[in-house]
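Structure, as structure tokens:
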Amino acid sequence: MPEPALRASNLSKSFGGLVAVDRVNLDLFQAEVHAVIGPNGAGKTTLLAMLAGDLSPSSGTIELAGHDVTRQSVEARTRSGIGRTFQRSAVIPRFAALDMVRLAALNNAGLALLSSLSANKPATARARAALGRVGLAERESVAADVLSHGEKRRLEIAAVLALEPKILLLDEPLAGLGADESRDVVALIEGLKRDCAIMLIEHDIDVVFALADRITVLDNGRMIACGAPAEVRVSEAVQQAYLGLDQP
Amino acid sequence: MSQDRVDASLLILLAVAALLVPFVWSGYEIKLATTITIQAGLAIALGFVVGPAGLISLGHAAFYGVAAYLFAMVAAESEPANVFTTAPIAILGAAALAAVVGAVSIRSRGLYFILMTLAFGQLGYHFFHDTGIGGSADGTYINFRPELRLPGLAISLDKAASFYQFVSVVVLAVAALAWWLRRSAFGSILVAARDNETRTRAFGYSPYLIRLVAFVISGAMAGAMGYLTAAQHGFVAPQMLAWQNSATVLVTVLIGGKDTTSGPALGAILLLLAEEVLQRTTEHWLIGVGLIIVALVITAPNGIVPYLAQALRSKRVQHA
Amino acid sequence: MSPFFFFVQLLNAVQYGLILYLVASGLTLLLGIMGVINLAHGAFYMVGAYMAFAVVQHLASFWLALPLAIVLGLALGALLERFLLSRLEGADHLSQVLLSFGLILIINEGQRIIFGNDPHGIDVPPALNFSIPLSDTFAYPAYRLFVCAIGIAFAVGVSLVMARTRIGMMLRASAENRPMARALGVNAKRMYLGVTAAGIACAVLAGVIAAPIASVYPGMGDQVLIQSFVVIVLGGIGSLPGALVGAMLLGLVDAFGKQFFPNFAAFLVYAAMIAVLIARPQGLFRGTGT
């Protein structure tokens, strides 16, 4: 079995008395979409935050290609190859779409930081390519805070793409998108699979079962099922947890 | 007209004006112009951290003052010092202090950063005022104006006109540096970190380090201005590090517009010119300045240069 | 060093600390509850002192200055909030710095226009113009004890209001967590008006009672302002009990520092302020709750 690109072992997070994530194990492999689903409050976003570096775990470890990154900062982890999107699109207001993606494409270019963003040809080329992939090529000069909700989401994905990450953490990327836009983003994620290990938090069960190679189900912070979509679909534990919610 | 265009135009205007001064003025006016130019440079230095980096420093006068004192300490008593040996010491000293202050303070957010820089500024002031180093409250004199000395060449700066030309070259260089940095990728990252720190970190940048670098550069620039002031007057005193001085510079930055390069310089120039002109009519001119400041906060909270750009833009739209 | 000398210094420390507490409480309420930096706070203190001077000169009574100070302070604070601060609603500290700086210029210059550049002294009111003997050689001025009494009365009054009244509860909630307090229905507009008025009134009153001791001169607010910032950092922004303890500490350093290590006292004070900001920004006397 190949090495996981990202391995979370026994990850837990408590806030005072509240246990948000309870001893979760998660492996992300390249060329695989690993979806994490569960009812609201199950701890999905907290889990992602720990993998991304926003929160430090109360216990457990996170390994990136074998290296322990549990205590690494967000920026260091990003440089090591993790890209993530936020539940509420995080864009830089007043930055033109192209500029924001250029910022990501710079990839900490050292002395190149002294020249202006627009003068940096390789970064600009990468940025334009990324914007093209998400269908925002024509909107490159528009300020990020003026874009529509769907466009902001796609802009964020473009920016993360420009990072050329090895691991992609997507927090509800389809939230608030229309049917057409959702289809486009799903196709995008399918295409990205080849180069990255992808963790996907998503509420749309149809999309999850269509995209995911493996699914982990969380309930109250704990893993109640993990495996191929077919197994998870018939798992009793999962049926119980989802009782009263959308039926697959 | 975009804000950048207005900003660039103003900078060019100010640069041309600066270069013309020695041909138009002499005597008292040139000395005034020297003071104004240096203060404009100090404002640009502070503006670089207040604007793009979003760091409100109420203690920048400390870097200005420390450089001045360092110069006073290394200047020989019996002959003019060499700019090329003494200025780097003063500027590096200011930069080192900025590195220490920045390293400690930049970890704190917003209000706490302001209070910490205020405290550091006071620390600097009392260091020179209370402890007896550098002449205590009385300050220290520098007996000779420094000269530009290279092997085989010595340019004296004793004449007001030559000193002014030297000052304007330095300040223009500082302005050019600030302009360049603001428009560079480094400047963009600073602004991105200011406006959405979370996203910027998720792009792999460390806001702390980036801000620290900006703070040190700004401190060095402020130090250069302190050196020039000490060279101009031949005198340094603890007052140079007082919080009132820091606050005044900050106010000029805000009046002019912290998000432009020319704004802070314009703010400093306007304030000092107002002092000069209004002083002749009434000794209570400061109350007029106070009222103008209050009016500006309410009508043009982003500063004069952005306000100007906005006004020009709407005029354009009207005519279109 | 004689114990009486020590005791006199201690009383001086407490007296100065209580005046500082009066000024700092206004500053900490403005900052803690409204998030407003008011650099002009020292200028209002000066307004109080000059007001006392004017009242003594023209009405020949120091006692009248006290209620007048409170009225003037409340009025100035209300005007400040209603016409200036409210326009900055939601604005950042930069605008507040700019605004309060403009106010400093207006107030300072206004004072010079009205009263001129010379320092003035105010006589201690005749009723309190005596000293209480502590020993054969030491006696302590009754007026200074009066100042202490006012300070203590204020501290007690304020803590009762904070602990026992609804207003106090709302103020404490807002100092702890502003957005939450608003969500719970605290009427922000009226509270801000009240807080600003009360805060400025404290500074003005402090200036009045300090005047007979400190004399009255242009720029007398500068040092008090900076020291108030130290006090609220030590005590925790928004905390009135913290401001009291912080002010006492500063009073002690001021009184004894001047006596025993004048070269380093101020330096140590600001070093301490930095240390607190680094290690315990919530203040020395607060839990780590917030």
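For this structure, a couple of remarks:
Letters A, B and C name the chains as they come in the text, with residue numbers starting at 1 for each one.
The criterion applied here is as follows: contacts are C-beta pairs under 8 Å (C-beta built on N, C-alpha and C of every residue); 3 or more make two chains touch, one makes a residue touch a chain.
From a predicted model like this one, the values you see are computed outputs, not experimental measurements.
The touch graph of the protein chains shown is a line.
Distances from each chain's CA mean to the overall CA mean are smallest for chain B. Chain centres here are means of the Cα atoms, and by that rule the chain farthest away from chain A is C. Pairs A-B and B-C differ in how many C-beta pairs touch across them, and the larger number is found at B-C. Chain A and chain C, compared by their mean Cα positions, are separated by 52 Å. Centre-to-centre, using mean CA coordinates, chain A is 44 Å away from chain B.
For the pair chain B and chain C, the distance between mean C-alpha positions equals 32 Å. The touching residues of chain B, when paired with chain A in their complex, are 180, 183-186, 188-189, 191-192, 195-196, 198-206. Against chain C, the residues of chain B that register as touching in their complex are 50, 56, 58, 104, 107-108, 110-112, 114-116, 118-120, 122-123, 126-127, 129-132, 243-244, 247-248, 250-251, 254-255, 258, 284, 286-287, 289-294, 296-298, 301. By the touch criterion given at the top, residues 31, 35, 37, 39, 84, 87-88, 91, 93-95, 97-99, 101-110, 112-113, 222, 226, 229-230, 233, 237, 262-267, 270-271, 273-274, 277-278, 281 of chain C touch chain B in their complex.
Residues 52, 54, 73-75, 78-79, 83-84, 86, 90-95, 99-100, 103-104, 106-109, 112-117, 120, 159, 163 of chain A are the ones touching chain B in the complex.
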